[in-house]
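The same subunit A turns up in both complexes below, where it pairs with subunit B and then with subunit C.
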Partner chain A sequence: MARVLSVLGTLLRGLVQCACIVMLTFLLCRVMPGDVVDVLGLEGGLTAEQQAQMRHDLGLDQPLAVQFGDWVTHAVAGDFGRSIRFDRPVMDMLATAVPVTLRLTVLSFAFGLTLALVLALAATARPSRLFDVLIDGVNIWSIAVPTFCAGVIAILVFSIWLGWLPVIGGLLAPVLIIGLDNAGQIVKQLREELKEAVTLPHVRTARAKGLSPWRVSVFHVMPATMGVVLALSGLVLGSLVAGSLTMEVLFALPGLGSLTLNAIHGRDYPVILAAVTLISVSLVLINTTMDVLHRLVDPRLA
Partner chain B sequence: MSARPIAMMPAGRRASFLRRHCPAGICLPAAIVLLLAAAGLAAPWLTAHSPLDQDLLQLNKGPGAGFPLGTDHLGRDILSRLLYGARSTLAVSALGTVIAFAAGAGLGLLALTLGHWAERILFAAIDLIRALPGTLLALLLIVGLGSGSGPLTIALGVSFVPVVAYVTRAAYHREAARDYVLAAASFGGNGLHILSRHILPNIAGTLITQAAIILPRCIVTESVLSFLGVGSSPDAPTWGRMIADSSRFIERAPHAIMAPLVTLVLLTLSLSLLGNQLRRRFDPIRQETDVPGPAADPAPAAVRPVEAGGC
Partner chain C sequence: MTSFVTSRRGLLAGAATLAGALTVLPVRVLAQNARKGVLKYATLGLDTSDPHRHTGSIAVQQSYVEALTSIAANGAVEPFLAESFAVSPDGLTYTFRLREGVRFHNGDLLTARDVAANFERVKSKVKGGWLVSALQQVSKLETPDDRTVVVTLDEPFAPFLNLLSELWILSPKSAGWDETISLPIGTGPFTFGDWQPKVKLVTPAFADYWKAGAPRVEAVEFDLRDGIDKSLALRAGDLHIVSVDLQAAQDLQKAGVAEISGLKDTAWYFAAFNNRKPRKPFDDIRVRRALMHAVDKAAVMNFVGGDKSIVTNQLVASGNIYFDQALHDADEFRKPDLDQARKLLAEAGVTPEDHTIEFVSWQETHPQIVVQMVRKLGFKVNHVALDDIGTQKRLGQYDWDMSVTNSGPRSDIFLRFVRLMSDGPNPVLWGGIQDPELDSLIKQAVREPDSDKRKEFYLQAFRRTMEKGYFFVLGHAPDFIAIRNGIKGYDPGFTWACHWASGGVAVTAIDA
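Take a look at the complex of A and B:
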C-alpha cells in the first residue's frame, strides 16, 4: 500500500512539474523584449496600425491568462499553432525534427551507458591501474572538454586532416562525443557503487554458497546497483539535451535543438513553446519512469 | 579541515614545505588560472589592438608579426579577442557562481533554519524547475530577460541554484544530525545561533568545494551559450562566439578556432583539478575514497543527492 502511494505521489509530482515548466516557458516567451511582430515589423516595414492588427490577429492583445488557457486547450488536442516565421503548423515542424534528435540521443545514451558500465564492471572485476587511468581520463575529459569543443576537434582532426568523416550529416561523431561525455559523468560514481555492492552481505552470502563469480555479479551485484544505474541514467538526461543542442548546431543536424535555437533567434514563440514543452515533458516523463522503476526494483526504498 | 597539519614547519625547510603544501597537481592548475585571470584583467595593456577593430586586408592570417596569434575571418586580432574574452568569461562566470550560492545556499540555509515546512516548500519549488536541464533553463531565461552580460550572469546563476541548494541541504542535514548540534539545541541555542556558530563553520568546506566545482561548469555553460549565439552581442569577444564564428573557416584558418578552444579547455581543466584537490582536502564525506571498507555515508546510495549533469 505504501509503495502504491509513493508511486502515485511520484506520478503526481511529475505532472505538476510539467505544468510548472510549461507555465514558466509561456511566461518567459511573453515577457521577452521585442515580440515577433516587432521583428517582422522591422524587417517588413509595417506601419503601427498593421502591427496592431497583426497583434490582434495573433491574439497577442489578450490577457496572459486567456492566451495561456487558449494555448493549453489547443496543445492538449495536439495543435501547437502555426509558426510565425515559416507559416507552417508547428506540429509538422516537430514531426520532422523529433526523429533526428531521438536517433541522436538514444544512440548516444546507449553508447555512453554501455561504455560506463563496461569500464566500471571491468575495474571492479579486475582492479588495475589501467582501468583507473581510463576511468579518470574519461571523467576528466567530460568535465573539461565541452561537447562543442570535442566536436570542433573531431571535425578538424578526422574530417579535415585525415579526411575520414563527412563534415556534416553523419551521426557517428556526435554520438561518440555525447556518449563519451555522458559516460564520463557517471562512470566514477558507478565504479564506487559497484565497489560498495561487492561488499554487501547478501553478495558475500552468495559467494559463500559457492556460486560462480559470473552468477554473483549478474544476479546479486547488478540488482543491488540497478537503482543507482537508473538514478545516474536520469542524471545524464540533462547533459544529453545540452549535448544534442550543440551537436545539432555544429554538425548541421535538423533536430529539435536546431529548431529551438532558430526559433529563439527568430522570436518564433509558438515553436519555442512547443519545442521546450516537448523536451521538458519527455524529460519529466523519463525521470518519473526511472523513479517509479527504481522504487519497484529496490526493496530498500518504500 | 582535518587534513591540515597544525605543526609549523622549520624555517630552513622551505623546499619540502613547498612540495608538501603545493604539489604540481595544485600549483600548475592554480598558476594557469591566475595567469589567465591576470591576462584578462591586464588585457588593455597587453595588446595594441582592439578586439573589435577589423583589418580587412588581413583576413584569416596565421600567427606572425603584428598579430601574435593571427587574425580571424574579419581581420580581428585573435590575441586581443582571447584576452578580452577571458575577462568577460571569468567575470560573468564568477558572478554567476556568486549568484548561484547567494540564492541556492542562502535561501536553502534560511529555509532549513526556519524549519521543516519552509524546507519542504522551498525544495518543492526548486524541484519544479529541476526537471529542466541547466543549459536549457539558462537559454529560456535569456529569452525572457533579453541578451547582454547582466541577463546572462543572472541566467547562469539561476540555472545552478538547484544543484547548490541540494548540496547545501545534504551538508546541513549531515551536520544537524551530529551530537554537538543536539547539545547546542538542548542548551537552548536558537536556530540562527546554531546555524552561524555551529553548522556554518562545519559546512563551509563543503560549500567552498562546491563553488570550485560550479565555477568551471559555469564557464562551460557560458561558452555553450555564446557558442549558440545567445546572451551576448554578435561581435562581443567571447570564446564560445569565437569558436562558433571560426568554425565556418575551419579549413582555411584552424588557428582561429584552436586559440579559444585550447584556452577554454585549459581553464576548465585547471579549475576542475583544483576543485578535486579542494574536495579531497575539505570534503572528506563526498570525496571519492580509495579507502576500502564501508562508505562513510550511511544513506542508501540511491537517495544520496547526485549532482546534475553539465554539458
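Take a look at the complex of A and C:
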C-alpha cells in the first residue's frame, strides 16, 4: 500500500509540474511579440479591421484566463483543436511528428545503453587497458563535444565529403550521435558500479564455482547493478527528449521538436500548447516509470 | 470468302484502331516514358492548401494550379489558361479565350463557368489580399460560351491582367470549396499530393497535362522545412533547386556543384521612417535626409547582393519599364556625405548626442551596418532586431523612428505602390504613410489605360515619397537561386513562382 501511495505521489507531483509548464507556456506564448493573426495578416495582406475581426473569431480578444480555461477544457477531453495557421487538426500533426521523434529517441537510447553496457561489461569481464581507454574516450567525448557540434561535423564528413549520408532527413547520423552522447553519460558510472559489484560475495562464489567471466558478468554482476542502470537510464531518457529536439532541427527531421519550433515561429498557439503538453507528460511518465521500476528491482526502496 | 471479307474488315478495323491509338497514345506514353526522377525543390514554403487564401510571395502552388495569365521572365503578361485575351480601349472590358482541351486533375474539362466560379469565390469568400480589391471592381462576369469569359470592371484597373496571374483556377469540385479548400484540384503539370506542413509537399506528375511533352519529371518534392542549410543539402544531392543567400551562392559557385541564377525581378531594400506617429526630431525632413547622407548605400548593398547588387533610389531596378534614369542620376544619397549630414542637422537645430533612434529591423546583417553608419553622426541607437512576426508587430505599434527592411518581387508595380497607400495592406514596413495626395496619384496611375501616362503618374507618386522623406531606397539585389548540375531546362522566373506559361518546373528535367 505504501508503495502504491508513493508511486501515486510521484505521479501527482509530475502532473502538477506538467500543469505549471503548460500554464507557463501559455503565458509565454502571449508575451511573445506578435500573434498568429499577425502571421496570417502578413501573408494574406489583411487590413487592420480584418485582423481585429479574425482575433475576435478566434477568441484571441478574450481574457487570458478564459482562453486558457477553454483550452484546458477541450484538451482534457482529448481535443487539442486545430492549427490556426494550417487549419488542420492538431492531433493529425502530432500523429505525423511523434513517430519520428519516437524512432529517434528509442533507437538512440537503445544504441547508447547497449554500447555503455557492452563496454562496461567487457571491461569487467576482461579488464584491460584497451577497454578503459575506450570507456574514457566515450565519456570524454560526451562531456567535451556538444551534440550539435558533432552533428555539424557528421554532416561535413559523411554527407558533404564522403557523400554517404543525406544532409536532411537521415536518421543514422543523429541516432549515432545522440547514442554516443548517452553512452558517454552513463558508461563511467556503470563501470564503477560493476567494478564494485564484482567484489560482492555472491559474485565471488560464482567465480569460485568456475563460471566463465562473461557468465559471471551477465548473470551475477549485472543484476546487482540493475538499480543503477535504471536510475541512469531515467536521467538519459529525460535529457534525450531535449537532445533529440536539437538533432531534429539540425538534420531537418520532421519530429516533435521541429513541429514545436515552427509553431513558435508561426505563433500557432494550439500546436505549441499541445506539443509542450505532450513533451512534459512524456517526461513525467518516463520519470514515474523509472521510479516504479527502481522500487521493484530494489526492495530497499519499497 | 465470307470469312475472308470478315477477316479483311476486321483487319481494316483493327488497323484503323491501331492507327488511331498510335496517334493518340504516343504523346502520352512517350511523355510518361520521358519522365525521369523526382525534382527536389526548396525555395519558399506553403502555408495553406487553399490557393485562393494566399497572396504575396508564393513559390509552390503554381505547380498544381494555374491562372488565366502568367508573368514571363521579362515581367510581361503572357497567356496561360487563356490562350488569348483582349482589353477594350476604355480599359473596362477584358475578354479571355480559354485554351482548348485543358483538363482538371479529376479529368473534367476546364470551362468558362469554372473560371467564373473562381472569380466569384475569391470575390465573396476571401478576406484580404491584392486580388480582393481588384475583384471588387468586377461589375459583370459573362460566359457567352464554354471557352469565353468576359469581365467588365466598374472603372479601369491597369494591374488587372498581372494580378490575374495569381487568381488560381480550381475545379469547384475541390474538397472544401465552400469553406477552406483541403484538396485543390487544379490544371497544373503536377497534382496536389501528400502535404506535411513545414515539412514537404509531394506533387506527382499529371498525365493529362495540356502542354505536350510536359512535365518531364515523375514528381516534384517541395521541401518546406525552415532553418535547414539548403546549400549543404544541394551539395549532398538531397535537393536540386534551392534559394540561397549571397555567401552560400558564392560558395556553391566556387565548388562548381551548381549554377547560380536570380529571380528576374529584384528585391528592394530601403530605410523607412515612422510616418504615422513620428517623434521629434525624426519628423523633420532635414533630419531624415541627414541620416540618409550618413549611409553608404553601395557598402550596404554590396553586403546584400555582392556584384549583383544595384545602388539606386527607385522602387525598381534598371531595365524595368518604370525605372527613371534621370531620377536615378539625381540621387543625392549615392555616396555618403557626413559634412552635408551635419550641416542639415545644424540647420534643423538638432544635436545628435541628445537623441536616441529607436531602430527596428529583422534579424539580418545589413541593418546593423546602417546602424553603425548613423551612429557616426553622434546619435545613440537602440537597435531592436526581431523575427518576421515580431518586427511586423513592433512596426505596427509605431513607437519607433527608423527601420531598414526589404520587399521581394511582385507581379506588378502596383503591388509595390499599394503598400504606400493610406489604406494599403501591411503598410508598416514603410512607416504607415497617410497621404491623400499620394493615394490620389497612385489611383490615377492604376486607372490610366495608357502605359506612358501611367508611368508618369507612378513617377509623380514616387517623387512625392522622396520629397516627403517617407522612406529612401538603398538599392536592389536579386534573390539567388542555385540549380544543381544535371538539372536541365530551369531558369528562375520574374517572381518566386515555380511554374509559368513559358518556363518553370513543367519543362525541367533531371539529366544526372
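FYI, the second predicted complex is superposed on the first by the 268 of 302 C-alpha atoms of A that agree within 3 Å, B and C clash if a C-alpha of one lies under 4 Å from a C-alpha of the other, contacts with A are read in each partner's own complex, and residues count from 1 in each chain.
Throughout what follows, contacts are C-beta pairs under 8 Å (C-beta built on N, C-alpha and C of every residue); 3 or more make two chains touch, one makes a residue touch a chain.
The model shown is predicted, which means the values in this text are computed figures rather than measured ones.
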| item | value |
| --- | --- |
| Between subunit B and subunit C, more extensive residue contact with subunit A | B |
| Partner chain(s) touched by A:Ile143 [first = subunit B, second = subunit C, both, neither] | first |
| First (subunit B), second (subunit C), both or neither touched by A:Leu12 | neither |
| First, second, both or neither for A:Ile160, with subunit B first and subunit C second | both |
| Partner chain(s) touched by A:Ala252 [first = subunit B, second = subunit C, both, neither] | second |
| Partner chain(s) touched by A:Val106 [first = subunit B, second = subunit C, both, neither] | neither |
| Contacts of A:Leu283 with subunit B and subunit C, given as first, second, both or neither | first |
| Subunit B versus subunit C as contact partner of A:His265, first or second or both or neither | both |
| Subunit C-contacting residues of subunit A that also contact subunit B | 32-33, 155, 160, 249, 261, 265 |
| Residue numbers on subunit A that touch subunit C, as the complex places them | 32-35, 38-39, 41-47, 50, 53-54, 83, 85-88, 93, 96, 155, 159-160, 163, 166-169, 249, 252, 254, 258-259, 261-262, 265-267 |
| Subunit B partner contacts - residues on subunit A that touch it in the complex | 13, 16-18, 20-21, 24-25, 27-29, 31-33, 140, 142-149, 152-153, 155-156, 160, 181-182, 185, 188-189, 192-193, 196, 199, 225, 227-228, 230-232, 235-243, 245-246, 249-250, 260-261, 264-265, 272, 276, 279-280, 283-284, 287, 294, 298, 300-301 |
| Complex interface listing, subunit C residues touching subunit A | 47-50, 53-56, 127-130, 180, 182, 196-200, 223, 225-229, 232-233, 235-239, 386-390, 392-394, 396, 423, 425-426 |
| Contacting residues of subunit B [partner subunit A, same complex] | 127-129, 131-136, 139-141, 143-146, 216, 220, 223-224, 227-230, 240, 243, 247, 250-251, 254, 257-258, 261, 264-265, 268-269, 272-273, 288, 293-295, 300-303, 306-311 |
